[in-house]
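Quick notes on the structure that follows.
Per-chain numbering from 1; labels A, B and C assigned in written order.
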Amino acid sequence: MSFLSSFLYFYGADNFKELSLFLILMPTVLGILSFLVSSNAQRRSIIFIGSIFHFLITGILVLTLANRDLYAVSNFPVLILNSFSGNIENAVFLSVVSLLFSGASFYSLKYLKLEEKNIRKDDEGFLINDEPEAVFTGFMMFFLSAMTLVCFSAHMGLLWAAVEATTLFSAPLIYFHRSRRSLEATWKYLVVCSVGIAIALLGTFFLSLSGGKSGGSLYFYDIISQAKNFNPLWLKLSFIFFFVGYGTKMGLAPLHTWLPDAHSEAPSVVSALLSGALLNCAFLGIWKSYSFMRIGGLGEFSSSIMIFFGIFTVFISALFILNQKEYKRALAYSSVENMGLMCLLLGISFYVGREAEKLVFLSAIGHSLIKSGMFFIAGMVLFYYKSKKYAEVGPMFSKTPFTAGMWFLGFILLSGAPPSPLFFPKLFIFKFMLLGGKYFISALMIFLFIIIFAGLGKIFYETIFSGANNLQEIKEDKTILFPSLSFFSISIFIFFAFFYFSRGIK
Amino acid sequence: MHIISQFLILAVIFCDFFLLSSYSTFELVKFAALQGVLTALLPLMAAEHFAAEGIAFALSVILLKGFFFPFVLRKLIVKNNAYEEKKREYSGALSIAVYLFVFFVSVWLSIKLDLEVKSLSWIIPASFMTIFSGLFLIILRTQTVSQIVGYMVLENGIYCFGSAVFVQQPLMVEAAILLDIFVAVFVMGMAVFHIGKEFNNSDSENLNELREETGQEADI
Amino acid sequence: MENIKIFFQILVIFSLAPILPGIINRVKAKFAGRQGRSIFQLYFDLYKLINRGMVYPKVSGIIFKMAAPSVLAFTAASAVIMPFGGQSGLLSFSGDFLLIAYFLAFSRFLLILSAMDTSSAFEGMGASREAQFAVFAEPVFFMSMLTLSRITGETSVYGIFSKLSPDLWIQNAPVLSLITGSLFILLLCESSRVPFDDPDTHLELTMIHEVMILDNSGTDLAFMLYASYLKFWIYASFVSAIILPRHSDFFFSDSFIYMSGLFFTSVAAGVTESIMARVRLLRVPQFLLAAFSISVMAFVFQAVKG
């Protein structure tokens, strides 16, 4: 076993560039292939096998992080990273993306089959007419490709182009059900996110300007080595524009307005991918800009912005979760909340050090796994009970006990109670605030978390335990929830691993 | 060369004026295309020497922004019967007020930022004006086609800013921007096509179903 | 010599004023494929009108009788302040463009009063429209003059005209072209040309200047028409001085250049009249506001540079 892992490690380290190019291009090829292949079953197996493969190779590459000293010089002026050292966040997010895609492709194997057979009417009484599956699977693969490119880019311009590509490739996915509401959600998503990304482009230009009057280089390597000499005014401006631009994509308040609509109208697989993978990739852009700011000596400025908007985002999400009538929207707001938490934690890391960065990773991984697991379950809930409003979802406890159990477990994990990996970040925030003497903010945060817990709890309680008891028998499909089960168990495992390895937080 | 570029910049600013005050979608498309072509010509005029790749790139931009996009958008307009925006009474004077406001803000911003741009000092306010005009078009217009045009104008402005400030532009970044606009307009155009099929017109005022439910609304 | 030059100047202004609208009419006709009236036709019209008697409406009063000659007097007073070629007008002092503007405004005021004095609803309507346009047109004039004086550093019209030169154009091309544009639009507005008012139409909905002089007849009408020609000359000379700035300090060549500038301006006005339709009445303020914003932009361009 150790022989295998060291072999893989060296293989990965030597062939990093080739493997990364493979990871980026393979999904594109598979996507094109899925347009050309004629049968739906073939398509689904293509994406399933493709994402498993993607995950395995990502695993190999991530293993190369084991010894950071092997490749000291990272990503000098080549557009794509040639190792992950110095860019651990890229590795973390890439592995999350890959894992999520594997789960999503497994889920969609069954989900697409169900959708094929499921002729039903939507809220207005029109027959739901789904998109051709080729479009769905094809764009899913393109989406994976774009997100991989985001995680591998070593140039801010390429990062920008890849994030824009993710917007454009995920739009058809949101429109899968072809209803008026999903059309509206898609349009809002397209316009808001494209404008946001255009603002981020301006930020990219400003960043280049800060490197010198006639335009500095945008390669990570160059920026990191030169950032202390950058013009502070332009650096600050670039951070602000990056924050607004990529923050729109990420779901920070007050730019989160597209998020609940898009997540509730898209099919649950897509919502899972958007929440779990896409928001993280957008966060990567902000992360990079933040690290440049810190090197440039403007860490305080950027941290205060991030902390403020992190708290504001949690506040807004608490406000809106409280009276939600639809459970998918509630999950979307919970994503917003988690994004706010991540932003807050990253801002805190300026004051506290690497401890907080570990917690950002923890909350990112935890959120992605739990949220996508929840969305998978929510998809099945929608399929069984045919309504998006929680009041109309019957008592799951009696009808679909397995699903109800998973749903409940997910809720516990989502709300941050132990054994959820989201417990540690929240605890850490309290500790930081209390130790820093900011009693009002810590009280506010506790209050907001309680509100969120209550809002979510009401929804979950109502769905699980009460509701109209129409007498239909529902046949549960247990195997489709395998990804959710595995994600939840991974999260619990992470909780215990973190607990064990850090023996609590200092 | 210098004087030609100054007139080009003036023309870009005038295009903004027509974009903000026009209520026919055909005119919007026309002026956005004109502006795209002008911003593509600007770096050519400012450069000291003509590089082959610069000319080729400018030609491809002109083809894309000047011919392809208007063609696609015009087809969309005709198909969706989206010839005119809804007019409001005060909109004539309001659009001029918005234009002047945008102008002052851009000039103020460029003074504050104090960039040293060789030989073409008015390109920075022009690019800011274009960016703001694009944003205003997206915000204030109801026709979805106008919103697409607004996005194109926004990208025009950003491209103009980029070509103004960077002497040696990495061609890849410019090509990436171009590709991005191309795919974005393509995808947005598809969305507008679907909207048109769904509602028989492409007014974005139809897209008003998704909202927060406050619980106080009566269930009809 | 000076006196001869000034005498020559005034003679030229007052005798050549009716040619410019004649040029416009000729250009319009050529555009329409017709032969058109001769450019001297307006002289014959004026001559015909002067030889006729005047008829006053029964319900009009003293103002109506006084108005026509007074309008001509004030317009002529503005005209003599205007520089000609490289020479100053009869009067030239710091801030004299204000005097020009106010003389013209006062003559407009008298015109409006005379229109209202006829107790005709028709003419009152024209008067109110004219007043509305005046509100929007004044800022354009002042803004343009402000910018011009900022560029040239002079405050009298003669000073401004003498400082304008091709070098100034090369340095300030965008500003000067913007000012030319806004002054040209102003020219079209003040002399009641398309796109603000159609001088050929006599339909109720579309008349503005024409309607106000509907009840004047004979010599009065001749005075009113001649005053409008002089007004055209005044505004056209602004445009001409900017577009063809040349100072060779030789009187006759300067005058020749100046008059060819006027010629080109009239041709441009004629072309504009042929290719544009009259703008809808409700949109005229918007159009004038656009001209205002052009001049504001020119001003800001100039201010920021300096």
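The working rule: a contact is a pair of C-beta atoms (placed from the backbone, for glycine too) under 8 Å apart; a residue touches a chain by one contact, two chains touch by 3 or more.
Note that the structure is predicted; figures quoted are calculated from it, not measured.
> Between which chains do we find the greatest number of C-beta pairs in contact?
Highest contact count among chain pairs: A-B.
> Going by C-alpha centres, which chain is most central here?
If one averages C-alpha positions chain by chain, the most central is B.
> I'd like the Å distance between the centres of subunit A and subunit C, where a centre is the mean of that chain's Cα atoms.
Here the centre of subunit C sits 68 Å away from the centre of subunit A.
> Using Cα averages as centroids, what's the distance between subunit A and subunit B in whole Å?
Distance between chain centres: 31 Å.
> Starting from the mean Cα coordinates of subunit B and subunit C, work out the distance between those two points in Å.
38
> Could you list, by residue number, the parts of subunit C that touch subunit B in their complex?
Against subunit B, subunit C makes touches at 170, 173-174, 177-178, 282-283, 285-286, 289-290, 293, 296-297, 300-301, 304-305.
> Across the complex, what residues on subunit B touch subunit C?
3, 6-7, 9-10, 13, 17, 21, 92-93, 96, 99-100, 103-104, 107, 111, 121-122
> Subunit B touches which residues of subunit A in the complex?
Residues 79, 157-158, 160-161, 164-165, 168, 171-172, 175, 178, 180-181, 183-188, 190-191, 194-195, 198, 201-202, 205, 208-209, 213-215, 218, 233, 260-261, 264-265, 320, 323-326.
> For the complex, give me every residue of subunit B touching subunit A.
113, 115-116, 131, 135, 138, 144, 147, 151, 154-155, 158, 161-162, 165-170, 172-173, 176-177, 179-180, 183-184, 187-188, 190-191, 194-195, 198-199, 204, 207-210, 212-215
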